[in-house]
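Going by the order they are written in, the chains are A, B and C; count residues from 1 in each one.
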């Protein structure tokens, strides 16, 4: 058996999930909200790409990707403005139900537009090319995904740790009111957080759908769920945690298939989640929080 | 206009129908230390939070340097030169000491190096620990950081909500001496305290607030010698 | 306590991992020999997919081949790790009888991995989705179906295709029903056969009972029927009432269209059934007063399956246009069709079937779609009318329904046929 191939594909899936997981973890970090619509946003960005390429055939693919990312960010922003922002002082449960509502709304909208049929993601040059590397033949995106995920994460962590805005984000994640007293515009920080999450989801969706080219309205459910598990395993609220969690989940599921345990790949993800929650409830990179009541 | 840097007129604040602040009017004279004393839940914090723009009053006026600032956002109010040191210090535990101080200067576009060295002069301890994360500081150090952070916005008026709460007596004395120093450097101070004894000794003028109403006001030493105040607040503060 | 639980969990996980590992190792050593290896991939919980896959496995192994079968959970989108298995095991053929949604991803992944062996599936892959997925790749993709108009091996099929096309082109109304073209749909051929089966059974019953015949006699006659020259191959019914099919039509996904490859046969060992016990059911009597025989056509001419339903009806119409009189006791009886639309909906089934019963039909044909057929089975049974399913492939249509027959093969049969085709293709 060629273990390398499973490892590489596991890391690829992991890298793609990582970009989604960061969105979960960042929004949780700021709003303490599991943004259930995030997986759907990931799917929507894939669908957007299909329609952009179909409707604007003359547009170079690079620009199409930029346009898609911009639209995804805009949708992420709208979701926050209309579904979460009005509920800022409502109980957390209400916001979560709103998130679930948005997630179904996006699914139903896409199924209405596509008629529930699977659509083909366009061919993306470069990352869609087949290459042979380490004796494994696959699309370049498979080999690039973990690298891109890690590079983007490093950049993001640098921004958060070393810029004024990053500082504001960290402050807001701990204390809304005091941050306001410092003159931080909370809503702007939250909007930008959603925008970053949406941008990374859009990047992840290009990498993911360049490989898994069939998209329908349910295509976001599984990546969304796995990314969420990854975020929790890594320690929700922690960005490096989300990435490490996603890589672990990706590799674990891939290896499960290698050993003929494909049937149990979901079980393995959830098993991992349970073990982490039992041994270290805050996740691998999670910090201990003493929540003030 | 007048000597008052802050004038609050017939301020009313409600929380879900419950009256927290009832038609309160008070003035803070420029360059002075003014204190509000009163029992827990009397509405003192609510007044400061209204001035900061965090709480939206039902009606009334809040004039800062003659201009009504009611209805402005917290960040607009910070820009005008009002800062609040919140109750319980509320430093950002996940940020370093230096980052906390920088957060205080968040809205400033000018160079704040001078203010930073001023804060470090006031609190040498903070400079020693500038790279430590704020969550690891002791309570007294956190209070110093909270005050230092407020000073970083180069305010005209600094409001402090229970700065001595939960601190050791020695530290409390330090804090009050710092308050005086800050005031001597030209910053007006509006102070809330349960430690009425210390507060009245430090202040120029004081208000006594009971269940949302002002029941007494006067110079600090006058109130300090008032029998009713003695009975209601000073005795308690000594025991507590 | 928490630590203990974690330990326990990890031990369980380790054990499952290890047992899985052992299984895979054992599988790996076998592939070194000279036998042919097939990799079969089915979707968990999907009766169609699993049925085809299991039949393929049985048939392929019966030929002496080795089968590695895996199932994947619903909503899987990345099949690389599964397909890698086929590479690791040097599979000679991949059988993946799945939905077209699965196929779109699976074929893209197969292309990425550079899979060179043929990939095969059942009739669901006869779809434009597959053509799109195969376009521009070197993938070799096959699927099976009921019938193909390019089949020139049997004279019956050739005559039917030529005659049917001609008939369509001479009747614009019917051509419109066929979607505006003269392409012969598989279901039209099946409908044509079903009508002729019904007529053969009526004639058989008439031989025995004369003008006393009832619908029960027709049902009894169906069990003993043997038609060698049907368009879609020989028709005999097994103990379930299913046509004993031994062939299917193999097509290859080419550039923009499916190419007909061949009629693939696969032994079907089912024996002809014996008449069911109809007790003292009376059934429907021959209408001697009006000298006519009504045949119900129970089909969806509206709703989701309208397109297929109409094509099936066309096959029946065409058959009726060729042969519409039965001589009973020296008198000519005219065969009339009564079309009752079930709207592709199960909730319409009983009403639509009752209308057929109300018309005094002796036999009913249809439907396209298994769900509506199953839902109408009881109504036909209560009236004592035999029903001949045309393209309802689900096993439950005839199982436990003594009055239901069908002229098409069942879903899983395609697995056996494909195994046979795969065997013959790759062992060349």
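The working rule: a contact is a pair of C-beta atoms (placed from the backbone, for glycine too) under 8 Å apart; a residue touches a chain by one contact, two chains touch by 3 or more.
This one's a predicted model, so the numbers in the text were calculated from it and none came from an experiment.
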### Task
Point out which chain occupies the most central position, where each centre is the mean of Cα atoms.
A
#### Entry: Dominant interface by contact count, named by its two chains
A-C
### Query
Rounded to the nearest whole Å, what is the centre-to-centre distance of chain A and chain C, using the mean of the C-alpha atoms as each centre?
42
### Query
chain B to chain C: how many Å between their CA centres?
82
### Interface residues, chain C side, partner chain A - complex
2-3, 5-6, 9-10, 13, 16-17, 20-21, 23-24, 27-28, 44, 70-73, 75-78, 80-82, 84-85, 87-88, 100-101, 104-105, 108-109, 111-114, 129, 132-133
### Message
Per the contact definition, I'd like the list of chain A residues that touch chain C in the complex.
### Response
1-2, 5-6, 9-10, 13, 118, 120, 130, 137-139, 142, 211-214, 216, 218-219, 221-222, 254, 256-266, 268, 271, 274-275, 278-279
### Residues on chain B engaged by chain A in the complex (per definition of touch)
52-54, 73-75, 78-79, 83-84, 86, 90, 92-95, 99, 102-104, 106-107, 149, 153
### Query
Within the complex, which stretch of chain A touches chain B?
164, 167-168, 170-171, 173-175, 177-185, 287
